[in-house]
Every structure is written in structure tokens, then in C-alpha cells.
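Per-chain residue numbering starts at 1, and chain names A, B, C and D are given in the order in which the chains are listed.
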Amino acid sequence: MSNSFGNIFTITTFGESHGEAIGGVIGGCPSGIEIDIEAVQNELNRRKPGQSKIVTQRKEPDEVQFLSGIFEGKTTGASIGFIIKNVHQRSNDYFHIKDSFRPSHADYTYTKKYGHRDYRGGGRTSARETANWVVGGAVAKQVIPSIKIHAYTSSVGDLFLEKPYQDLDFSKIEDNIVRCPDDAIAEQMILKIDKIRKQGDTIGGTVTCVIQNVPVGLGEPIFDKLHAQLGKAMLSINAVKGFEYGSGFCGAKMRGSEHNDMFNADGSTKSNLSGGIQGGISNGMDIYFRVAFKPVATIMQAQQTIDKDGNMVEMHGKGRHDPCVVPRAVPIVEAMAALVLADFTLLNK
Amino acid sequence: MSNSFGNIFTITTFGESHGEAIGGVIGGCPSGIEIDIEAVQNELNRRKPGQSKIVTQRKEPDEVQFLSGIFEGKTTGASIGFIIKNVHQRSNDYFHIKDSFRPSHADYTYTKKYGHRDYRGGGRTSARETANWVVGGAVAKQVIPSIKIHAYTSSVGDLFLEKPYQDLDFSKIEDNIVRCPDDAIAEQMILKIDKIRKQGDTIGGTVTCVIQNVPVGLGEPIFDKLHAQLGKAMLSINAVKGFEYGSGFCGAKMRGSEHNDMFNADGSTKSNLSGGIQGGISNGMDIYFRVAFKPVATIMQAQQTIDKDGNMVEMHGKGRHDPCVVPRAVPIVEAMAALVLADFTLLNK
Amino acid sequence: MSNSFGNIFTITTFGESHGEAIGGVIGGCPSGIEIDIEAVQNELNRRKPGQSKIVTQRKEPDEVQFLSGIFEGKTTGASIGFIIKNVHQRSNDYFHIKDSFRPSHADYTYTKKYGHRDYRGGGRTSARETANWVVGGAVAKQVIPSIKIHAYTSSVGDLFLEKPYQDLDFSKIEDNIVRCPDDAIAEQMILKIDKIRKQGDTIGGTVTCVIQNVPVGLGEPIFDKLHAQLGKAMLSINAVKGFEYGSGFCGAKMRGSEHNDMFNADGSTKSNLSGGIQGGISNGMDIYFRVAFKPVATIMQAQQTIDKDGNMVEMHGKGRHDPCVVPRAVPIVEAMAALVLADFTLLNK
Amino acid sequence: MSNSFGNIFTITTFGESHGEAIGGVIGGCPSGIEIDIEAVQNELNRRKPGQSKIVTQRKEPDEVQFLSGIFEGKTTGASIGFIIKNVHQRSNDYFHIKDSFRPSHADYTYTKKYGHRDYRGGGRTSARETANWVVGGAVAKQVIPSIKIHAYTSSVGDLFLEKPYQDLDFSKIEDNIVRCPDDAIAEQMILKIDKIRKQGDTIGGTVTCVIQNVPVGLGEPIFDKLHAQLGKAMLSINAVKGFEYGSGFCGAKMRGSEHNDMFNADGSTKSNLSGGIQGGISNGMDIYFRVAFKPVATIMQAQQTIDKDGNMVEMHGKGRHDPCVVPRAVPIVEAMAALVLADFTLLNK
């Protein structure tokens, strides 16, 4: 079931970048929940192309249409089908990759695995798929309204937002186009991305996500640990190369005597290097994690590559692409986190 | 099914640290495979306590007993049941945690989630469970004999093995007790762990894993990407805080023009920042990833903590614990990688 | 995942009778298969309302639209999304059941389980859902073209087609509107249904299904036996009350010495009371089974029932309903059988 | 996962008839439940061989050993591992089938599917596996103590217990060795089985199961309907050829006006042809169903069959076998029903 995610609250998706529509089925949503469809659309708008100068200039309205499972504004407990129509595709932009493999894209592996490939816009490998996840995540958020999920851009290239998340004002995340809640750093990030874009190049970055107001007890032991499922969710996002939570890779340099989180009398902890999870189960403290995104593989520069017959060919990026994926990844990270949290919340009932 | 892992080649486990036995069921193993039981036991011996001065001094023989699925030395296609008896447990070592919560352990979250907790030796939260995984992984390795999986200790605290894996001789991994294939660094690591142990403290570290000779085409799109499943597998291991593959978090600092892997005419790539996976599917290049382990939470020092009624109490580590989990984690990382690779190999048939 | 069926070849569905559209996602379909969309539509036409005088007179075009997973006429290995728009619904026909429970329908149980119910046309409980299955099954048939699946009406009320399937000409199934391949019996069945319809009543019946040219080895041991999965598939169809395969309930009256199927030298068997399956695995002989359908619960007669407050109310059937579900169930039985067979075929590779 | 059953409350099993032990892992059992191990053993004793003159005379103590998941008499929420040792096996009794295929057994299909077969005692295909299910079911019963499950022998060959279940006293089921709660019929059944046994033959039969005190709302829509999952569970039992619930195959002969169950003011129904389930969801009325078992394939008479090279050979039943499987199937049917009900109860929370 490689097109499905989740155990109880599930999403099953379909769709290629340049097909008629993408969409999915949300399963396991409890009945009686009022769905704010505008809120869902708002999340899609945060992800959609063309929203600023530092993202791809493709124009895709990305309007979600719900087809089932919601009646008189409320969920019925039935599966929720939805589609997002594909419009304004320029499939010709991709004709040059019909028989050639873009470096560090999935063209080669899909061709070897499946033989027959929809090359237009990357087909099923396109990050357009993540619009489906944003819909699923936006519904999931409404299933767990008390849990607060905030993601933001924490680095672009070697520009880091060094402040701990506790010092940030999450309400400022949407104040700038790079989605970094520190104005000064955000400005530098925007300049950097813009400069790299003009060079026909791309740049990587990281997204940090903080989940607050999580009840104690979410997550399952052994193979469905809360952080393992969060990690899998994040590693499912296109271009992700790494995931760390709590102290993360830094924790691997520390000693037990400095890493252990001491309890307060109420069960909360003084420090939170555990990242809100102990033994795979939430302990009520903030959950936080960081996700690494590689630079977008499509660059506006000539690259040598091969065609399907093994001939070396020169390829030049065409189409309208993101110079840095991170600003648009922010709502995707939140959506996948919401899917995981809603699923474990329902499992835990 | 939080006690199960895998889609086709599966493992389902049970067992507490101080119960009668731990064990599991391996499902989906093809028939007709000759199982080298000694090789399975050898993997268990690599993981078992008491093997050197830098690991816990508990004595557990960890002998695997296969109960089904193997007939006349070969698999029959039926599920393979196995147990590992628990012996030499000292449950009294844990009596002091019956009603108190060890800092940065799962005592608190399990108590809140389940109410009734087997506190002896950590119960189900004990890393003893990973012995089951080593059995499963050792069988998995025999299902995919052509794929080579090598893990090793790549850092202890701030001591890093800086050499790229290509410069290492994997045959030397077992030459020293810290499982680092560079003698000089290994010696420093051993000294460091020994020193920290004497201080009653613990230290974190990282394990790097390299998978070679992987056919093109393993992994599934969207939600069962090869690296997402590897990440979930690694994040399931006790004490893991992070996972990165290929360029990992470093890749997030790079530009597309330096990060893209250029193709050779045969479909291999000149560089391999992708880490052997493109779009979630293996491309035939080496897969490599890194796993971060926090320092063991049980330290031989006094710590303030709380009991189940919220009273502050002083606790002192008892029992026989690892000062650094990394040397014994090496075979566990390999085992989980083998489970993932065997599963995708069978899915890909 | 109660909206999904299958392990490798899967279908996940959504949709209410009077919503905007129903549809689903077909997962795990191998790549490179030429999909005959007209053949899919033909199967839908066999199921659709209004096709004859003995079925419901609702007019629903039931046109399938494929949205993904098929490129240049062939599958790509990506999930196949599809929708069937709902048109010509008359939701007013159902207004009388908004607050009352139709006897032997799911109105009561859905209201108790979910609270908020889409009553229009039965909502998610409507057999309209089975149109999704027919699409999935029609694609499945194209994945396993060598396996032949034939279902037919084998009884209506107490009118039975007594001939064994070996004496029937399956090419005649579509020659009459009741889908019984014996003209004489078919005529009686049609008369019977028509008479009952005029009385404002309904009648039950059975469908027999024969699967030929099945390779040896399909089915999995223990809990995914071929006949157990076929049984679950059939029992998922609305109005089904029973399933038997091979000798079925008659077999329970027999002795071993008369029931055992003796082998021929080539591994085939002289008799086939086993119904083509031994130990849950196909043996290469014909698979055959029988499915019992209760009479449709909506009758055009006054019935006493209760409303949601427990008041007794009189209810009279409205809308356009089937007097006997069996003729339209024939393609549904075939579709579910095809889904099961395709799934096990891919598992068995 | 063909060795696993269930979604939330799961059982995963292993074991061959003549291996060292059979056993399994029960997952998803809530914590804090006091487990009456004697009650579990009692259920095993109801299933075990040698308990009377009308069942196999093999002597197997079938003692369950729990290895995990229960601490101080109560479940901890961790997976429950258990084994049942195989003792008193006479593998020599099966040497004659090493290279030959018993008619209407799974020897042929397993050999074709897996190549390498454990022929001793039927290996994995042996109904000995059902002892694992009885353990799982006995634990499941303790998870849902208020739901009452009663199975009994309702026919042996053409001898039927015609009384409706409402007229039976379930407390008498264990009063006789055939497990039929009507003394007169039971006596005839016992005589019949005994006579057939002396003829070296076997006979089929049916088991009826009644589930009482079921809350409204158990079962999931579409593909996890309560009766579909019950049907799959029953069809997983060795020798089962058919399943019907409520009116079953008789319902297929009826008219809607006679089949519909009229409501009482409290939501209960006057009649119960629905069998306690509407739209796949329990309605609070008694659930009842009937399961058909074929005659045991091993008869104590000479039969012609083939060996693995296709030569015709004569075979004569050896070993100690049941002349009629039905009396020992009664606790198995109950166990599988309990597994299904516990699973849906936990899903429904």
C-alpha cells in the first residue's frame, strides 16, 4: 500500500503532475467534525506555486474539491474523497526529458523499475503530490484542534536561524515569503535565494517543526514509535535527506549527565532534550524536530547527462522551478505532522 | 500492529527484559533457503552484553531457538518462530524504579499510557527487544545474500572518524571492541568510553551504515520510499535521535550545481550525494546513512527525580549498563537494514 | 482501512449515493498493461440501473473517468485514480427517511455508530459503492487476462438452475436480462421477478461464480487462504447472507470416502468437490462458489417502523428500487473475484 | 501478513504439527486486564485430541506457556507471546506421505507452491495451528467479558438439530462429547460418528455460533463489515466449506415482505433474520451464523493417489485422526469469533 499513510486516520493518494487531476481518499476520520473548507484551501494556498518571487512561477490555482464524506458541513465517518484539478500544465516543457534522465531526479530509477514512465512534469514523482498531503493534513488538524503545529524555515544554505524555538514568535512565520519568524534572518534568506535563482542555481535548507499541547501517551511502542512515524512521514517528502528530533545529532556528542531531562513534580521536565518523546511515546512536553532538504535538482544551467540508450547528452533545465524548496515545504511538513498526530490520537482513544 | 515490521518479509516480536523469554515470528520468508543458524547466533553474539569492558557486564547467553519454519535445514515458506530465553536476570536491581521514574527513560510515559508497568529491567521498553531484530535481520541477510551491509561506529561523543567510507576496510570492523574500522580512532574511542564509564557517566555516538551491491529498483514510491522505511527502521532503535542518508544535513547547505550526481554512460553516477536512492528507489550505487544515538540515560550518579505520586526522590543508577550504546548498536543497525532490504527485494519480484 | 481491499493489488474507495461523485484509487497495478477503458465501461454498464424492466428504473449513466496512472494507454505502476459522477439523483425521494429508520437497512446502525448520517439514497451504505468495485475488478481482469471468471444467476426465490456449471454455456449469460445461462429457467425467473415487482415486493436469490484457468499456487496459508479472501470479498457485497465454495454446505452431509477428490497422474483430480482449492491454495482445477443474496429491504408496501425518537411511524417505500438484486449483482461478484485473484497473482510472483 | 489476523487486537502465529512448538504473538491487548490462565487452558482442553472416543486418540497435553505481556497477573499493553510444546508426535506415521499426496489434503498444493515441504503431521497445514487460535480467542474473551459467545454442533452428516437456538440451553453444550445441547440428538450424533469411525470413514457437519449481548455499533463499513470479517475468520478454519449468517442461504428464497425485521420502539427488532447485523454493523440483536465442515480427508481405507513423480500409488490412512472434526471445532469457532469481536470492540472505542 505504498500510496497510503496511516493506521486509523489514513490518506491514500493518486495523481501525476500533468494528468487530469490529483487527489485522494481520507479514511478513518471521525464523524461529526465540522470541516472548515476555507482553512483547507488556505493551507493549499501556502503550498501553491507562484505565491512569491522566490518560488516557482508556475500558476496553479490548486482548488480542492471534496466529493464525499462531508454532509451538511460535517464529517459522516465515511471516507472523504477529494480532487485537485491540474490546470495550466505546460507538458512541452518536459519533452526534452522524455528519453533522457535528469541528474539527481527519479527519471532513471522509475524508468528502470517501471519501464513505462509519464515524464510530463515528473509524473508521479513530482512534488505536486504533496498538495494531496496538505489537504489530508488540513483535515487532520481539524480532528486534533487542541494540538498546535508550527513549522518554519530554520536555514537556507549556510544561513541559520540560531535562536531556539522558544524565543520565536510563531505568529510571524507568515509575515515574510521565506517563512522564517525572524525578520532579519528572513531578509537575508530571501536575498540569498533570489541571488541563487538569478544564477540559475538552487539551494538546500532545513525546516524546523514544533508541536505543542500534545497529550501524554501518543505513540506506540517498538515499531510505531511516535518519532519513528514522524521520521518516516518527513522522509517521504520529496528532497528530504535527514530527520532529527529533540537533541538530534548534537545529542550524539553529549554525556548522559548533561542530556538527561530532570523531572518537575508535575511530570514535566526542566530541560527537553528528549524532544517531547520518551520510549516512542509523547510525554506532554513540546515535540520538535528538524528536516533537511537538499537543493532542488533542476537547475537552469547546462548539465551533461545520459539518454535511455546510454548516450551522453547535454541537458538544460526548462520549465518553472523552485530555487529553494524550503518556503513551500513548511506547510507540507506541518501537514505530514498533523497526519501522524491525528492517527496516533485516534489509536490512543 | 506496533509489534510488527515489514510488508512481505515481516517480523512480529514479543518479550520483556526480565520475562521468561523474548522472541518473534518471521513471516514471508521464501521457501527453500538454507538457514545457517550459526551465522544467526554469531550476529546475536555481536550484540550480546558482556562481550568487552566497554559494554554492560550483564551475562546473557542469548541463544536463539528456532521453533518452526525450517525443516531439514531449509525454510518451508511457513512462518519462522523463535525464542531467546532470559537468564541471569537480576530483577532486584530494578526494584528501586518500581514506583519512580528514571529521567529520560520511558518509565513515565509507559506508566501514563498503560497504567500497569513491568518495571523489571525496563520491561518491554528495554533494548533487549533488539535481540529479536538481530535474529530477524540475520535471517533476512540470508534471503538477500548478494547485498552487503556494513555498519560501524563513526563517532563517540566528539571523536569522529572523518574518513569517507570508501577509504575504510570493512573487514576490520570486528577487529576492535568499539567496532570502528580505523585502529587509531578506535583506540581513542575505547579510552574515551572507558574513562566516562569510570566517571559513572555515559556518552552518545553515531553509527554509519553502507549497503553495497543493491540492485536498481528497490523501494516503493510515495509513502514506502526506501530511505523513508530505512529511516523508520533506524528511528525504532532505542536511543536513536536522528537519521540522515547520502548528503544528509550537509546537503541542506549545498547548491544544486554541486549536489547533483552526474551520470556515467552505464547509469552509475560520478558522485553519490544521493546516497544510492533517487525518488525513493535504489539506483544501484552504494546506499549509506548515519544514525545518531543519545547517551544512555542510566548513569551511575545520583539524580533527582519523582515517584508516581509526584514526590521528589533521589535515585542512583543500579544494575549493569552500557556506558555507550554504539558498539552494540552496530549489529542492530545492520539487522534493521537487512529487514528493510529483504522486504523490498521480495516486494520487487 | 475499512475502505480498502487487497494486499498488493488494492482498491480504496469513497462516495455516497447522492454526493457529487464516487470513486477510488487502485494501487499496486503493474506497469505496462494496456488498459481497455471501453471494457471497463462495459462492466459498469452491466451493473448500471435502468438496463431492463426487472431492475431499478433509476437512470445513471455511470461513466468512469480515469484521472491518473494510465499514460499513453498503458499503466505506469502509479496508483490509478478514478471517479464516477453522480447524476439524476432524486434526493427528495429520501427525505422521508431523514429521521426514520427503514427496516432491515443500515439507517439505524449508522445513526447509532456515527450520529451524523447522509440519508440521501442511503449515503455510504448504498450499493452504488459497488460501481467502484466494478471499475477495480475490470482493471484487475486485465491484469490476469488468462484467468476466466464467469458469474451467473443460479436461483431466484425458490426457482433454481439445477444444472451443474459444467453443462452450461457461459456465453449465454448475457443473452437474457436475468443473467441465467439457461433460457427456460431464465424466462421463469424473469416472470417471477416481474410479478413480485408488481406486488410491490422483492425477492432474494443466489449467484454462482466459476473461475477457470487458475494456475496452481494462488492463495496464502493460514489467514489469507484463497477461499477465505473470496468469502470476505463476497460477504462485503450489500445484501449477501452466505458463501459456500466447492461442495459447500452439502459437503457437510458427506462422508470422506465420497468427498475426497482422487488425483489423476497429472495432478488434476477426477472429481472437484474441493472447488479448486486445497489448504487455501489453488490446485489448478476450476474454482466455484455460490453467494446468497437476501431480498431487497425496500419494498413498495407500507411498513411500521420507528423514528429516531422511538416513535412508531408508518413508512412506504419511495424511489426507484430493484425488485431483485441478483441480475445486477452478477458483474459485482465477478469484479470482487477478479480483485482477489489479481491480488494473489501478484503476491505469488 | 498471512500469519496474522486482526487490525487492533491481532494474533500472529507459527508452528508445524511435528516441530518443537507452536505459538504466537497477541498484539493490541489493552493493559490492566486480569488474565485467567486456567480459563485459557480450559479452552485448549476443549480442543485437544484424545478427549473422547469420537475424536482422534492422539495424546497431546497442549499446555500453553505465556512468555510475555502479563505481569503480576495482568496485561501490560505489551505483546503477549506464548508457546505450546509439541509432544508425543509420531512422525513415522507420516513417512508414507513424504513423497505422495493425500487426496483432498494440501500436500499437493504446498509442494507445488513451496517446493520444500514439512510433511510430518501435515506440517503448517495441520489443524494443530488452531490451538494457537484458541489461546488467542481465550484471551480475547477476557477482553470483552460482557459479550457471550456460544458455539455448538448443529449437524453431523444428515442428522440435524432442527430447534432454533432460542430453544436451546447453552449450558448443556459441554454435557456430551459431541457438543450438541440437545441430549437426544447428541446421542444419535455420537452413535453415527462412532459407526463411521469403525468403518474407517469420516463425516462432515456444521457448527452454529450465537453471540449475545453485543453492543450496537461494532463492525466497519464497506470492506470490514462485521459479518465479512466473521466469515473470513471461519473460512480460515481447516475443512470449512461455507458460512452463512442470519437467514443465510434460506434468506435467498424469501420475499422482502417476510424477511424484513420490524423495529420495536427501543430499536430492537421483532424478528432477527438480519442476524444481528445491518450494513455490516451490529444492531444489538443476537448475532448467529453457521459454518459447514467437510468430512476429514484422512480415512482409514485404501485410496489410489499419486506420488510427486506422477506415479499412481495406493495409500492407506495411518496415524490417529478424527472421524468427524465438528466436536473439536466448536471451541475453535468460538475462539475465532472472540478474536473478531475483540478487534472490532477496540476499533470502536
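Remarks
Just so we're on the same page, contacts are C-beta pairs under 8 Å (C-beta built on N, C-alpha and C of every residue); 3 or more make two chains touch, one makes a residue touch a chain.
Keep in mind it's a predicted model, so treat the numbers as computed, not measured.
Counting the residue numbers that touch the partner chain, chain A and chain B have more than half of them in common. Annotation: B-D is the more contact-rich of the chain pairs B-D and A-D, by number of C-beta pairs in contact.
Using mean Cα coordinates as chain centres, the one most removed from chain B is C. Taking each chain's centre as the average of its CA atoms, chain A and chain B sit 27 Å apart. A separation of 39 Å divides the Cα centre of chain B from that of chain D. Note: centroid distance chain A to chain D, computed from Cα atoms, is 47 Å. Shared contact sites, meaning residues of chain B that touch two or more other chains, fall at 1-4, 13, 77-79, 110, 113, 124, 221-222. On the side of chain B, the complex with chain D involves touching residues 1-4, 10, 12-16, 19-25, 27-28, 31-32, 65, 67-69, 71-72, 74-81, 83, 110, 113-118, 123-124. Those residues of chain D whose C-beta lies close enough to touch chain A in the complex are 77-79, 221-222, 349.
Partner chain D is touched in their complex by these residues of chain C: 1-5, 7, 13, 101, 103-106, 108-110, 112-113, 124-125, 129, 155, 157-158, 196, 201-206, 216-217, 219-225, 227-229, 231-232, 235-236, 241-249, 251-257, 259-267, 269, 273-275, 277-283, 292-299, 301, 303-306, 310-312, 348.
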